[in-house]
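Across the two complexes that follow, chain A remains constant while its partner is chain B and subsequently chain C.
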Partner chain A sequence: MNPVLRQGLAVLSKDMLLDLRGRSRISAVLFFAVMTLLLFSFAAEPDPESMRRHAAGYLWLALLLSSILALGESFRSEVEDEALEGLRLLPVDPRALFYGKALSNTLFLLVLAVVLLPLALGLYAVEVRGSMTHLAGFIVLGSAGLAAPGSLYAAMTSRARGQDVLLPLLLFPLVVPVLIACVKGTGLCFSGDAMGQSSSLLSVVGAFDLVYWSVCGLLFGRVIDE
Partner chain B sequence: MSSGFHKEHLIGALGLALLSYGTWMALFVVPPMSHFQEVGRIFFLHVPTAWNSLLVLTGAFVIAIGALINRKRGWDAALEATVEVGVLYTALLLIQGTIWARPTFNTWWTWDPRLLTAAILLVAFAGVLSLRSFAEGRDRRLVWTAAATIVAYVDVPIVYFIVKWLPRGIHQPHSFPSTVSPDYHIALRCNAFALLFIAIWLIARRTRLTLLRDAGTAMAPAAEQGADGSAMLAGVDG
Partner chain C sequence: MSKPPLALAAENLARGYGDRWALSGLNLQLAAGRSLLLAGPNGAGKTTLLRLLATTLRPNEGRLEVFGIDPIKSPMAARRHIALLSHRTQLYTELTAAENLSVAANLLGLARNPQRVPELLQRVGLEGRGDDRVRTYSAGMRKRLAFARLLLQDPKIVLLDEPYGQLDPSGFAFVDDLIEQFIAEGRTLVLSTHLLERASPLLRSGLILAAGRMAWVGAADDLPQAFSERFNA
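Then we have the complex of A and B:
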């Protein structure tokens, strides 16, 4: 097997093992996300029609806000006790570190989305009238789009002062394209995509993913190596 | 060390002179625009600001790549200066846009692709400067600023493309010399070059200031031992 791939998978399995054994990150972030979904319904008028119309937006905002907590936490464990320094001392390709981390964060967000989606469908009384495959596509590609730049930025901000402010400040403007495309696309999957727009929105998220998974992979080595 | 005449002042003076001439042309010489009346003359400042803000941020992207490769102190100082001027120009662009839009369209803001792209650009690059101010250590500051600049710049075309899906706004199509009346060319070109020269001037001044401050800090321990140490430091800080 390609050594970068093998090392990346090792990083991924290390992170997954930490999450499975600890479970504190996933449960904390999950409850936060559920609370956010509930808060949106308090903030908006308790009007079923308006909730239904904005369900996709609420779902993605809950995911985006929770992703900040998840990403920050994922690097906190690396910064504690200089674990990242230890990883760098090993003969590991920095790209493997990045792709392992980004993949584990993608999986984490996917798990979150899979729990939140039925909850949002129930809370906001929405049905999926459009394509299920496209909905799955938006969730997978959207999570990947948040995870790649998020992992790069979290690697920097976790070692800076003011990390809690910095990560959202850097990540939110960057992921606007993912957010817009996913909200619009998921909304179309909920309401039924009469004009067939969702596949082109899906390709926008795919293009964003392609650009950021490659650019961030290239930059990660330099960012942790300084 | 910091006294004397620096060549960048010539560019700055040229920029200010061109800006004065361009503004005079725009205010008193060119015929008023049929749709926008007198307030529309802000066009002659707004469009060059838009061109130059993108140009300066593109410059920052190029310098960021250079800084990542050669890791020289001067490149880092230039990168910081360029991002700062880019943020300044983008902020000016948004302010001018609202000043124009309020009397003309009776609104401060509209969800137009270009407005949203400019606003996101402003926040994204302001974030880069924040990251820089929180990073400790010279190398770390250089690498993080450069990496964040590259990541933020790559986002621009994607943001622009995706926000086009939003409902259409009131912003008029792109303005280029080929799309505006020949009466407007001179004033527009004057201001465009003026803002470019002023940007170069500001970037050069800011870069020089950062390098001088660094030199002062680096000299501090030795200077404290020397007889004229305090005078030298005071000169650099002032």
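Then we have the complex of A and C:
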């Protein structure tokens, strides 16, 4: 097997094992995400039509805000006892480290999205009138679009003071295009896509994912170098 | 008989943090299979030097070669030869000892030998505790586990930063045995410690750092005396 692929899978399985061990972390992020969705419903006008119209936006904002917690946590175990330096010395290819981490964060966000989606549908009284396949596509590609730059910036800020502030400051501007496309596309999947726009929005998210996953993979080695 | 190749060659190596130089103007050549005892007061630059030699820290000035490989150009190729036992054990505390070693084995591509992990745990005196999470370990046990991971790497160059730290008397003997084994196996060894009387008989050469500069070089046997003369210890 290709060494980068082998090491990437080893990093992924290690991170998934750590995620399973840190169940309190998963519960905390899930609780935060659910609370965010609930708070949006309290903050919005008590008008069912307005809630339905903004449901996709609330869903993606809840995912984005929760992703900050999840991404920050994913590097805590790496810096806690300088495990990351140990990995570099094994030596692990930085690309393998990045792709393993980014994939594990994508899976975590997918789990989060799978929990939040039915909740949002129920809370905001929304039905999926458009394509379910496209909705699944937005969830998968959108999660990947948050996870790739998120993993890069989480690594960059993991040893910095004020990581909790720095990470969203760096990440939010970068993921705006993916977020806009996912909100619009998910909204179309909810309301029914009469003009067939969701395919092109899906392509936009896919294109950004391609750029993020390639560029962040290349930059990761420089980011973790001291 | 031909001369052994140079395992480590540092030329005018310097590294700073902010506006302070932790290490400057360091020249060092260590042939393969040789051992070096590194001494110096706190803040002398010992850990910085070890991290530079381990290639996990980039020098601000100068150059380093690991078996002729420039680690800036080919970090992966250089790191294949090196293992560092750091102050921090670099372990995942939420994983068990066996899982920590298995993760390292998978990353090194050694997963095909399932007996290796139990063998290593036995070698470092952690048999029977392999399925316990590392966060339940004492500092000394974590150090032993870090040694197990170093042995798994099977490096040509071994860098040890305060290897006796946090260990009990049986742990001291365990480290002595390992050092002797590393030397007998022909590995290149650089060891930094404050326990000079203990380590000096085991190693060949000595180097004292003071304020980030090389202050003395000689035989390891003479190092404790040279150190006490300089620092009144």
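Note that in this section the second predicted complex is superposed on the first by the 226 of 226 C-alpha atoms of A that agree within 3 Å, B and C clash if a C-alpha of one lies under 4 Å from a C-alpha of the other, contacts with A are read in each partner's own complex, and residues count from 1 in each chain.
In this section, a residue touches a chain if its C-beta (ideal position, glycine included) is under 8 Å from a C-beta of that chain, and two chains touch if they have at least 3 such contacts.
Please read these numbers as outputs of a predicted model, since none were measured by experiment.
Asks: With both complexes overlaid on chain A, does A:L39 touch chain B (first), chain C (second), both or neither?
Replies: In the superposed model, A:L39 contacts neither chain B nor chain C.
Asks: Have a look at where A:L201 lands relative to chain B and chain C in the superposition and call it first, second, both or neither.
Replies: Only chain B is touched by A:L201; chain C is not.
Asks: Examine A:I180 and indicate which partner it touches, taking first as chain B and second as chain C; both and neither are also allowed.
Replies: first
Asks: Under the stated touch criterion, name the partner, chain B or chain C, that contacts more residues in chain A.
Replies: Comparing touch counts on chain A for chain B and chain C gives B.
Asks: Of the residues on chain A, which ones does chain B touch that chain C also touches?
Replies: 225-226
Asks: Considering the complex alone, what residue numbers of chain A touch chain B?
Replies: Spelled out, the residues of chain A in touch with chain B are 149, 152-153, 156-157, 159-163, 165-166, 169-170, 172-174, 176-177, 180-181, 184, 201, 204, 207-208, 211-212, 215-216, 219, 222-223, 225-226.
Asks: Given the complex with chain A, which residues does chain B contribute to the contact?
Replies: Residue positions touching the partner: 68, 116, 120, 123-124, 127-128, 130-131, 134-137, 139-140, 142-144, 147-148, 150-152, 154-155, 158-159, 161-163, 165-166.
Asks: Would you mind writing out the residues of chain A in touch with chain C in their complex?
Replies: It is residues 3, 6-7, 10-11, 13-14, 17-18, 21-22, 77, 80-83, 85-93, 221, 225-226 of chain A that touch chain C.
Asks: Would you mind writing out the residues of chain C in touch with chain A in their complex?
Replies: Touching chain A from chain C are residues 54-58, 75-76, 79-80, 82-84, 86, 88-95, 99, 103-104, 106-109, 133, 149, 153.
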